[in-house]
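Before we start, here is the structure in question, set down as C-alpha cells.
Think of it as A, B, C, D and E in the order they're written, each chain with its own count starting at 1.
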Amino acid sequence: MDIATLIGLLFGFGIITGSIVMGGGAMAFVHIPSMCIVIGGMLCSVLIHFSMNQFLSIFSIIKKTLLVKIMSPSEIIQQMVNFAAVSRRDGALALEEQIRKVDNKFIEKGLQMLVDGQEEDVVREMMSLEIMYIQERHGLSKKILEFMGASAPAFGMIGTLIGLVQMLQNLSDPAGLGKGMAVALITTFYGAFLANVAFIPLAGKLGIYSKAEILSMEMTVEGICSISKGDNPTVVREKMQSFISPNKREDIKATI
Amino acid sequence: MDIATLIGLLFGFGIITGSIVMGGGAMAFVHIPSMCIVIGGMLCSVLIHFSMNQFLSIFSIIKKTLLVKIMSPSEIIQQMVNFAAVSRRDGALALEEQIRKVDNKFIEKGLQMLVDGQEEDVVREMMSLEIMYIQERHGLSKKILEFMGASAPAFGMIGTLIGLVQMLQNLSDPAGLGKGMAVALITTFYGAFLANVAFIPLAGKLGIYSKAEILSMEMTVEGICSISKGDNPTVVREKMQSFISPNKREDIKATI
Amino acid sequence: MDIATLIGLLFGFGIITGSIVMGGGAMAFVHIPSMCIVIGGMLCSVLIHFSMNQFLSIFSIIKKTLLVKIMSPSEIIQQMVNFAAVSRRDGALALEEQIRKVDNKFIEKGLQMLVDGQEEDVVREMMSLEIMYIQERHGLSKKILEFMGASAPAFGMIGTLIGLVQMLQNLSDPAGLGKGMAVALITTFYGAFLANVAFIPLAGKLGIYSKAEILSMEMTVEGICSISKGDNPTVVREKMQSFISPNKREDIKATI
Amino acid sequence: MDIATLIGLLFGFGIITGSIVMGGGAMAFVHIPSMCIVIGGMLCSVLIHFSMNQFLSIFSIIKKTLLVKIMSPSEIIQQMVNFAAVSRRDGALALEEQIRKVDNKFIEKGLQMLVDGQEEDVVREMMSLEIMYIQERHGLSKKILEFMGASAPAFGMIGTLIGLVQMLQNLSDPAGLGKGMAVALITTFYGAFLANVAFIPLAGKLGIYSKAEILSMEMTVEGICSISKGDNPTVVREKMQSFISPNKREDIKATI
Amino acid sequence: MDIATLIGLLFGFGIITGSIVMGGGAMAFVHIPSMCIVIGGMLCSVLIHFSMNQFLSIFSIIKKTLLVKIMSPSEIIQQMVNFAAVSRRDGALALEEQIRKVDNKFIEKGLQMLVDGQEEDVVREMMSLEIMYIQERHGLSKKILEFMGASAPAFGMIGTLIGLVQMLQNLSDPAGLGKGMAVALITTFYGAFLANVAFIPLAGKLGIYSKAEILSMEMTVEGICSISKGDNPTVVREKMQSFISPNKREDIKATI
C-alpha cells in the first residue's frame, strides 16, 4: 500500500474537518442536497465524457492506486537473478515451480513463456505490447481523474449560483439571508475540497505510480529476455541495472 | 446508442432540476430573455468563428454522438472472418450478396472494392484517405463543441453584467433589488450549466467516440486487405487482432 | 463575402442590444469615457506589442476576413481544367487572354509564368514561397486578433477598478452609489462584449479562412504545374482532386 | 527608436491618467505604500526566480527594445551590395576602411573577418553561434518580462487582501469603510495596469523585435559569406533576398 | 550561496510584513488555524500526489537551491586546464592527489576514472548517464514546487470558504461580522503569499539553477574526456569553450 497517499488523504481530511469543528457549527457543512449537486453532477459529466466501461473502471483504478505495491527495482533484479541461476543450473523447465511462488502476473507470464521455450523476439514483442496497452489504460485513468478535478469545482459553482438565485428571491426575510448564503457557498466548498484533496493529487499520483510500474515492467522484460538467451546471473543483473541510476546500483547475487 | 451519454445527460439535467425544484421558486430559473442572450450569443460567436457549413454540421454531429453505435472489435473481426471464408469458398464475387446484409457504409465500400477486384494497394490507399478525412471532420466537430463550452459561460457573464448595470440604476427600489440580482445571475447559471453538463463533456465523448471509430475502421482496412490477398480466415483474424490488447483477443471462427 | 460572419456579427450585436433595450435604461450602456478606456487601452497595448506596420494591417485583415470570397475547390478545378484544355489546343501563349478573365491574383501570376514559359521547378518554388509568406502573414494577423481578445477584457477590468475606487471615495452620497457602480461595471461589459462577440471568434474565422485559402492556393500550384508539363485536362483534374475528400470529388470537364 | 512602442506607452498612460483625472479624486490613485507592495513584491519575486545577472539585464533590455533601431532588410542588402562592390574592385583589405563607417557591431565583426581573410566555413560558424547565443538571451529576457506580467497582478491581489483584512477590523468606523476599500483596490489596479500596459505587451514586442533582428543577422551572415567567396554584387543581393517575400524584393544596386 | 534568492526572499517578506505593520493591526495577520489549513492542506496534497521519498526530498532541494554555489564556466575551465597540465607532465596517476583538493563530487568522480585508466567511451557514457538522472531529479523537484505553488492558493480558497460559511451563520452578531470576514480572508492571503513569494519563483530558480549545473557538468565531461585522450591544456580549453558564448571566452592558462 502506498503509505503517502493514505497519510495525505487522512490528514487532509482531518485538517479540514478539524478546522471546521473548531470554528463551530460543523453541522452547517453537512448538506445532502449540495453533495448531490456536486458529486452527482460530476459523475454525470464523467458519464457523458467517457464510455460506460471507462466510467466503471475508475473505482478499481483508485483502489489500485491506493493499495497495490510496486516492486522496487532491486527486488525485481533479485528475483530475476534467482531465476537466471535456476535456469542455468536446472534448465528452463525448472522455472515452472518458481511461477507458483511469484505473485506478480506480469512476471508469471514471462516465466511461463520461458518454460514454453518461446523465442526471445516473441517474448519481447508480446510483453512490450502488453506494456503499451497498460500505459494507455493508465493514461486514460489519469485523464478521468483530471476531468473529475475540473468538473467538481464547476458543479460547485453551479450549485452556488442556484443557491444565490433562490436566496435573492427571499430578501424580505433578512434572518434567513446569512443561512441561505452559507448553504449556497457549501457547494463551492465541496467542489474545491474534492478537487484539491482528492482528484487532482490522485491524478498526479497515478502518473507517478504508472511511471514506476512501467519501469519495473521494462526491467522485467529485459530480465526475462536475458534469461531466455541463457545469460548468467551477473549478466542479467547488469542488463537490468542499466535502467537505474549508477548511484542506486547494488551488488545483487542469486540467493537460490 | 451510447447509453452512458444518455444517462449522463438525463441524470445531469435531473439532478440540477431536482435541486432547483426542492429549493422552491423554480419559476425564477426560467427566464426567456436570459436564455436568448446565452444561447443566441453563443450561436452567433460560433457562426463568426466557423463557416456556415461547419456550423450546420454540429447538429448532425451531436445526434451521431448520441445515437450511432460503433461495432466492437470482436464484431468486426467476426464479420471479416466470415467474409474471408466466403471469399475463399466461393470467390470474391460471392461477397456481392454479403454487401446487402451489412449496415456499415465503410465495410460496404471495402467489400465493393473486393468484388470489383481492386488491387490491395489501391484499396488500402483509398480507405486510408477516407479515414484521414473522417478524422479531420471529427477533430473540427470537437473544436466546435469546445468553443461552445468556452463561449457559453462568457455570454453568461455578459448577460450578468447587463443585468447588474440595469439593477444598479434602480437602487432606489430596494424591494426589486434581490429579484434584479437573481435575474442577473441566471445567465451565468445558464452558461455554466450548458458548458459543464453538455458541451465540454460532449466534446470529450466525441474524442472517445472518434478514437473508437477510427480503430474499427483501421481494423476493417486490415481485414479487407487481408481478404484481397486471399488469406484464410485464421490469418485475417490474427492480422486484425494485432490492433487489440492480448488480453481481449478471442478465438473467433467463421460462422458462415 | 462570408455570410456566416456577417450574420453572426449582426445577430450577436442585435441580441445584446435587444436585451439591453428591453431591460430599460439603454442609455446607461452608452458611456464614452468607458469606451475610451477599453478601446483606447487595447489599441495602445497592441501598438506596444506589435510594430506600426503590423498594427495598421489589422484593419485590412478584418475587412478581408469579412469580404473576400475564397474560390471553392470545384471552381478552381473547373478553371484549371479549362486552362489545360486551352493550353493543349492553342499552346501556352493562348493562356494570355485568359489572364484578363481571372480576378484572382495568385492564379494570374501562375498563368503569367506559364505564358512566360517558366520551368515547372521554378513555378512550384516561386508559388510555394509565396504561400509560405501568406501563411506567415495570416498567422500574425490571427495573433493580433487573439491578443486583442485577451487585452480588451483586461482593460475592461482596469476601467472597473478605476470606477470602483472613485465610487468608494464618495460613499457619503448613497444616491450616487448605484450609478457609480453601474458606470464602473460598464467597462467590464465592453471588454467582455468586444472579446467574445468580435475578436476571439474573428481570430478563429481567420484561421478557418486561412486554411481554406492555403488549400485553394496549393491546388492552384498543383494545377499550374500539371499544365506546365502539358498534362491533359483529365490528369490535371485528378492531380488537383487528390487534395479533397473522395466523397466530394466530381467529374469536372473542360467547358471551353 | 521604435515609434509604436513609445506612442503606445504614452497614449496608454495618458488614457488611463486622463480618465482618472476626469472622474475626480485623482490623488486617491497615488498611494506610495501600495506601489511598494506591487513593484517591490514583483521585483523580489523576479530576484528569487532569476539570477542576479539576469535580473540586472532587464533594464538594458527594456531600454534596447524602446530605443534600438533594427536595419530594414533593404538597408542591409544595400550595405552588403556596396561591400561586395568594394571587395571586388579593391580587394578584401579595402573593406577595412568601411568598418569605421558601420555602426552595427555584428556587421563590423563580419567585415573584420573578411579583412582577416577567414575561410567561409569559419565565418559562418562563428556568426551563427553568436546568433544562437543572442536568440537565447532574447528568449530569457522575454521570459523575465512575461514573469513580471504574471507577478505584478498577483502582488496586486496580495496587497488588496492585506487592505481588506485591515479594513474589516475597523468596521465600527463606517466613514472610513469606503476609503479603506478604495485603498485596498488600488494595489489590484496597479498590478493590472503594469501588466497590461507595460510588461505583457513589452514581452510581445521583444519577441517581434528579436525575430526581426535575427532575420537581419541571418541576412548579414549570408551576405558576408557570399562576399568572402568573391561573389559579384548581383549574386550577393539575390542570395540575401531569398530571406524576404518576393513582393518586397527590390532591384538594389551598389552605390559605391 | 545564491545571493539573489536570499535578497528576494528577505525583501519580499520584509515588504509584505512592513506594509502590514504600517497599516496597523498586524496581529490579525497571525492566525494559527488558518496557517494549518493552508500549509497542512498543501503538504497533504503533495503527499497524495508524490511518493514519500519524493516528498521528503523537497526540503533538501530547497536548501540546495538556496545554498549551493555552482562553479562558473571559467572556474571549471581553469581547473580542467590545470588537470590537463598535471596529467601531461606527471601522468594520469598524478591526478590522484588533485582529487583531494576538489570539493565537487562530479569532478572527483571524473578524475578518479582518469586515474583508474578508464577508456574515453566508458567515461563519457557513465558521466552522461549521471547527468541524465540528475536532470530528471531536478525536473521532478521543479514539478513539486510548481504543484505547491498551485495547491497553496487552492487551500487558501478552501479556508476562506469555510470561514465565510461559519461567519454567515452568525449574521445576528453584526459586531463580529468584520472580524469573521477578516479571518476568512487570511487563508487566501496566506495561499497567495506562499505561492507568489516562495513556491512559484523558487520553482523558476530551480530551473535556472538546473540549467547552469547541467552546463557545468557537460563542460566537465568534455574536459575529462579531452584529458583522457592526452590533449594538451590549450586543446582542452578550446573544447570546453565551445559551450559558451564567443564574447565570454577568456584566455585561460594552466596555473599549476
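In this section, a residue touches a chain if its C-beta (ideal position, glycine included) is under 8 Å from a C-beta of that chain, and two chains touch if they have at least 3 such contacts.
Not measured: the values here are computed from a predicted model.
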| item | value |
| --- | --- |
| Remaining touching clusters (ignoring chain C, no chains moved) | one piece |
| For chain A placed onto chain E, the superposition rotation in degrees, Cα atoms, nearest 5 | 70 |
| Same or different contact residues where chain D meets its copy chain C, judged by the half mark | different |
| Mean-CA-position distance for chain E and chain D (Å) | 29 |
| Between chain B and chain E, centroid-to-centroid distance (C-alpha), Å | 46 |
| Set of chain B residues in contact with two or more other chains | none |
| Graph class of chain-chain contacts, one of line, ring, star, complete, other | ring |
| Residues of chain E touching chain A in the complex | 33, 36-37, 40-41, 43-52, 54-55, 126, 129-130, 133, 147, 151, 154-155, 157-159, 161-166, 168-172 |
| Residues of chain B that touch chain A when the two form their complex | 2-5, 7-9, 11-12, 15-16, 18-20, 22-25, 28-29, 175, 177-179, 181-182, 185-186, 188-189, 192-193, 195-198, 200-202, 204-205, 208, 212, 245-247 |
